[in-house]
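In the two complexes below, chain A is the common chain; its partner is chain B in one and chain C in the other.
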Partner chain A sequence: MRQLKHLIPTLLLLGLMPAVAHAQLHIVATLPALGQIAAAVAGEDGEVRVLARVGQDPHFVPPKPTLARHLADADLLVTAGLGLEAGWLPPLIELSRNSRIREGQPGYFAGADAVEILGIMEKVDRSMGDVHPEGNPHWWMDPLRGAAAALALARRLAALDPAHAQLYHQRAEAFSRRLQALVVQWKPRLEAVSPVVSYHDSYRYFSERFAIKVVGFIEPKPGVEPSTRHLDRLITLIGDQRVSQLWVEPYHLGRVVKRVATLSGALLVTMPDAVEGEGAEGYLAMIERLLESAAGRQ
Partner chain B sequence: MILWFSLAACLLVSLFLPVLGQQILKRRVIFIDLALAQVAAVGYAVGMALDGNGMLYAAVITAVVVVLIALLPEQSDLPKEAVMGALYALAASLGMMALAMLPHAEGQMMELLFGSVLGVNESELIIMAVAGALALFMSKQRCGDHFLGRIVFYGALAIAVVPAIYAVGVILVFAMLVMPGLAVWRGGNNGPALHAVAVAAVASVCGLFFSSYFDYPPSSAVVVCMATTALLWRAIRNFRR
Partner chain C sequence: MRYARMCFMLAAALLGSANAYAGNEIEEMKVQVQQLMKRIEMLETAAKARTETPSVAAAEAKETSPEIVHSIPAKQVSNTTHVAMGENSGNPSISVVGSFTGSRIRGNDGTRSSSFLPLSEAEFIFGARIDPHARLDVTVTAANGTMALEEGFITANLPWGVNMRAGRKFLPVGQVNEKHPHALIYADRPNGLVNMFGPEIFIGDGVLLDRPFFVGDSVQTVTAGYFSTQNDVAFDPTGASQYAGMARWTGLWDLSDSATVALGGDYVQGKNGIATTDAMTRIGGGHFALKYQDMSQLEFTLEGEWLRRWQQQGIGGTTAVNDGSYLLATAALNRNWQLFSRFDYSRQYNPATLGWLKESAISAGLAWKISEFQGITLQYKRTRSALAAVAGDLGVAVGSNANALYLRWVVAIGPHGAHPY
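Right after this comes the complex of A and B.
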């Protein structure tokens, strides 16, 4: 108890002067996997907080006061970009009253700006459902794009915190080399896998990187209930093309997918867009999980 | 295959939801089905949060709420519709708070509220048939305006509506409850129940074949067909009179 008495003033002091104690950058990432990439680059020179939780739909994150508070003292905001977070992030940035992290400021980083984008649409109208006309925003599912984003993030961090520039670059390089090695190691192993069907078009970057054919979608227009005709045709297609796996985001695992899996005989595989884990290890664990599932090892 | 199962599910709910809906219209408590569905979803979420059986918790909590609603007498001076609306808002908010604690259950709770006719399987068809028959039987008892009578009435609704919403979705259930009843409503009273069932069944068949042929979402197509059928029904009857 007496020790505790001494502890409390010490803790209070520590609480009062974190800014003096650590000259750390405050980084906020919108999604868990982006937070892991950011932590891999920032290391001990940055403190990373993540707004969405593992397993949450990145399109719909319920706003909470703590999220705006995290943003209020952020030096850098890391997003996926291409409108993925457009449904919930802009009001939170507004609420945080932090002008450093507004779009266009040095404190705003969209990974999509650093990587090659697939699925850009020339003509878009509302009848196509909840699509992203600027391109498919799920780029971090491809390890090499994850590496490219990490390198770009290192350049941005170096600009914000020149004192540690060297360290940021070194960490991003090391992270990038690990991811490249992973791709070299896995690509030949996935050559013979049969085509797959996925719920939405959210695995495009991953499947194109490893040359896996995605032949159809359960919900071709995101957010619009598919028709009976579409699903009946899809079940026939799964049989004709010998589709072995049905990939589904954890937040879309519902009755319709299970029903299609039962009727078609394809294996239902949950393909997460993030797993729990710290920094580089967490991101690599997610990619390895995807690769092992795709190779048919659950 | 999916088409035939969807059609079977729609025709099955056409047999009992319009009949129960007519009683809801008579008692003017139309929000009750949304409120009960929301309460069941909260029960499900709480069950998941406590690592229990979600369905069991949903059943128990819904039963408790049915008893509480039954305490409200028919001739109460409180506007009943407002009480049901308040209950709906409260249950929805409690559900959001339960979800804030467990992000992984979000999908499961939403699934309970926004089921889809596309996912119906054999066992769900059987469960709905049994629940619907039981609810019809209960609602045909003399549910007078006393505590026990109201428990039987609201209990019948909960038994029919909660599994139906899980199987075919809240919008379709809501439409099935009120639209056929409105179509045959005449002179301030309910019309023949058989006519209401016929409106729902015709709309189910038209809607599903329309959806399949023109590639539209099935539940929305059935609801739009039901509105059209209901309006036509009223127009023809007015014309003949």
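Right after this comes the complex of A and C.
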């Protein structure tokens, strides 16, 4: 009987444990940079997991069924949107059997819905390549759009977890202020940067924010391999426009870009869309890396 | 008269309240316009100062920092797009996949056949969610001048993570049968499956239930189904509809961030209508897949499948036993170019000689993915001692050898679909 006295409170405590454990929101982000923004806003009130790895092409993440295990108990899924993850995310959501994170549900957050979108096309067909008709989806490369997404994400987290609403808003505001200070600090320094050529149209938001001209692409059209004729024209263009840098995503760094850099004399610069790091520090490190590279310091 | 007076009073009251409402609204709008004018002036002053003196602008931006982010006309552009896209949002997504497959086949029995890139199959794929609980997917195929419903099923999300697929479907037996041919890297159908189910895909009309279980770092999926089939190779040779049940398990484990291993087992059982109504067909087997893909798109896969079929030829009669299998290796040189090689092995028990008739085939090929929406495959296959079903498919005599060369061009129009894993 005396043992039972201790057993009952123990069982009650064990029964309460799942509720206590669930107090922390489970957030899954599709891409590393989005995970860092989510972690910056959620802080210690949310556990963030990321599906893609740093250095992985966000268009072509292998949809390993084992990734669905992270989605199965997620309260919130953070995506880039605009069809960027269309090639790999839908089957994972389906396999997770988690109806809370389906598109249109409160547990589904697309950052693209919170920012101004560039590159929207009114008329689209596949002769234009593998384009995203709703706009260029690489918005997180612009720090101010990253800030806008963080503020919107705070509102969503506050709706899902009203008890910590104030903390989410405070963290997002602080994150936003740091990014804005970075833009103010760096914008004048990049005014004299020469035009650049990039592999894919991944840097549109970044280059427009800092008024850097991107005059050409290695890809003749999105998702289409370049022909030698296109590369010849591009090398001529690089000379004519006095292009100083050739920007390439880490996953596109290959024989073709190295050859173009050698033949044209342009500096080959790897511009990552994410770097290793936790939360706000990780995202800021990525933006700083891009800025340093664009300024020719790396 | 009294009624008319009441009507007049009511109309006057309504008009008065409407005017009062309109007056309030105008006042509210005036205040809003004034606020907006003030805000525009502030922003213009800030912008002017920023262009004139960078240091002052920086200090000001720090002070009014939240406004910079909010000043992005966030929803304006994207909402316009969403409205425009929303006009067709009730329609299903529609894709058309065309497979142009040419072949040149030479048998050692003297038979010859060839074709040069005819439109061998066109698939019209429609799919959309019906409501929050279910979706419908329909595939209509046009081949050899006729159209047929290839697949058409409802996927319903049931409680406890169970999905139900009801309707006509490629049956999930092994790991190839469920896939559409255009999604396979090779241009033909593995001989082992042709000997097991015939040249056509093993299709069932019925219900399939499946449920994934996330155990540690792995995914274990259990599937059960009950269906009718008109398969005339594994079941009723007359093509009459027969009922069967199936069970399946697949497990997939992460070996590393870049590598996975999958294992699975299948069992199918049903009446085959041969000789007596109680004769049964049973099919059992297993499959595996080892995949490696690093971040530079270098990819290597090794997969295999083995199935055995026991087909009773009547109660008290003999049981025909067939094995069908394949082993496939692929290597992606980059995102656009892939090499592959496949070994097919089948055997059939011969009750007359109490021995096994054996067939083997070796294939090699190159696949070029021109873009996300088209690809070309060139494949060579050498078949030795063709069994009946494969011989019929190749158009050569049973037991003969054959060389086949395939050239397939697959194109797709429509929305961007998900990549298979």
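Assume the second predicted complex is superposed on the first by the 276 of 298 C-alpha atoms of A that agree within 3 Å, B and C clash if a C-alpha of one lies under 4 Å from a C-alpha of the other, contacts with A are read in each partner's own complex, and residues count from 1 in each chain.
We take it that a contact is a pair of C-beta atoms (placed from the backbone, for glycine too) under 8 Å apart; a residue touches a chain by one contact, two chains touch by 3 or more.
These figures come from a predicted structure and were not determined experimentally.
Superposition model on chain A: chain B and chain C are shown in a clashing arrangement.
When the shared chain is aligned, no partner comes close enough to touch A:Gly43: not chain B, not chain C.
When the shared chain is aligned, chain B and chain C each come close enough to touch A:Pro62.
In the superposition on chain A, A:Glu225 contacts both chain B and chain C. For chain A, the partner that touches more of its residues is C, with chain B and chain C as the two candidates. Of the two partner chains placed around the shared chain by superposition, chain B is the only one that A:Lys258 touches, whereas chain C remains out of contact. After overlaying the two complexes on the shared chain, residue contacts for A:Arg53 are found with chain B and with chain C alike.
By the touch criterion defined above, A:Pro195 reaches neither chain B nor chain C. Within the superposed three-chain model, A:Gly119 lies out of touch with both chain B and chain C [touch as defined at top].
Using the contact criterion defined above for the overlaid structures, shared-chain residue A:Gly277 touches neither chain B nor chain C, since it reaches no partner.
Of the two partner chains, chain C is the only one touched by A:Arg177; chain B is not. When both complexes are aligned on chain A by C-alpha atoms, chain A residues 53, 55-57, 62, 64, 224-225, 250-251, 254 touch chain B in the first and chain C in the second.
Looking at the complex, you find that chain B touches chain A at residues 1-3, 6, 96, 99-100, 103-104, 106-107, 111, 115-116, 118-121, 208, 211-213, 215-220. On the side of chain C, the complex with chain A involves touching residues 54, 57-58, 61-62, 65-66, 68-70, 72-78, 80-82, 84-85, 132, 157, 161, 163, 212, 214, 217-219, 221, 252-254, 257, 260, 293, 295-297, 334-336, 371-373, 413, 416-421. Every residue of chain A that touches chain B in the complex is listed here, in rising order: 53-57, 62, 64, 224-232, 235, 250-256, 258-260, 262-263. Across the interface of their complex, chain C is touched by residues 53, 55-57, 60, 62-66, 68-69, 72, 83, 86-91, 95, 97, 99, 102, 112-117, 120, 122, 126, 129-130, 133-135, 144-145, 147-148, 151, 173, 176-177, 180-181, 183-185, 188, 223-225, 250-251, 254 of chain A.
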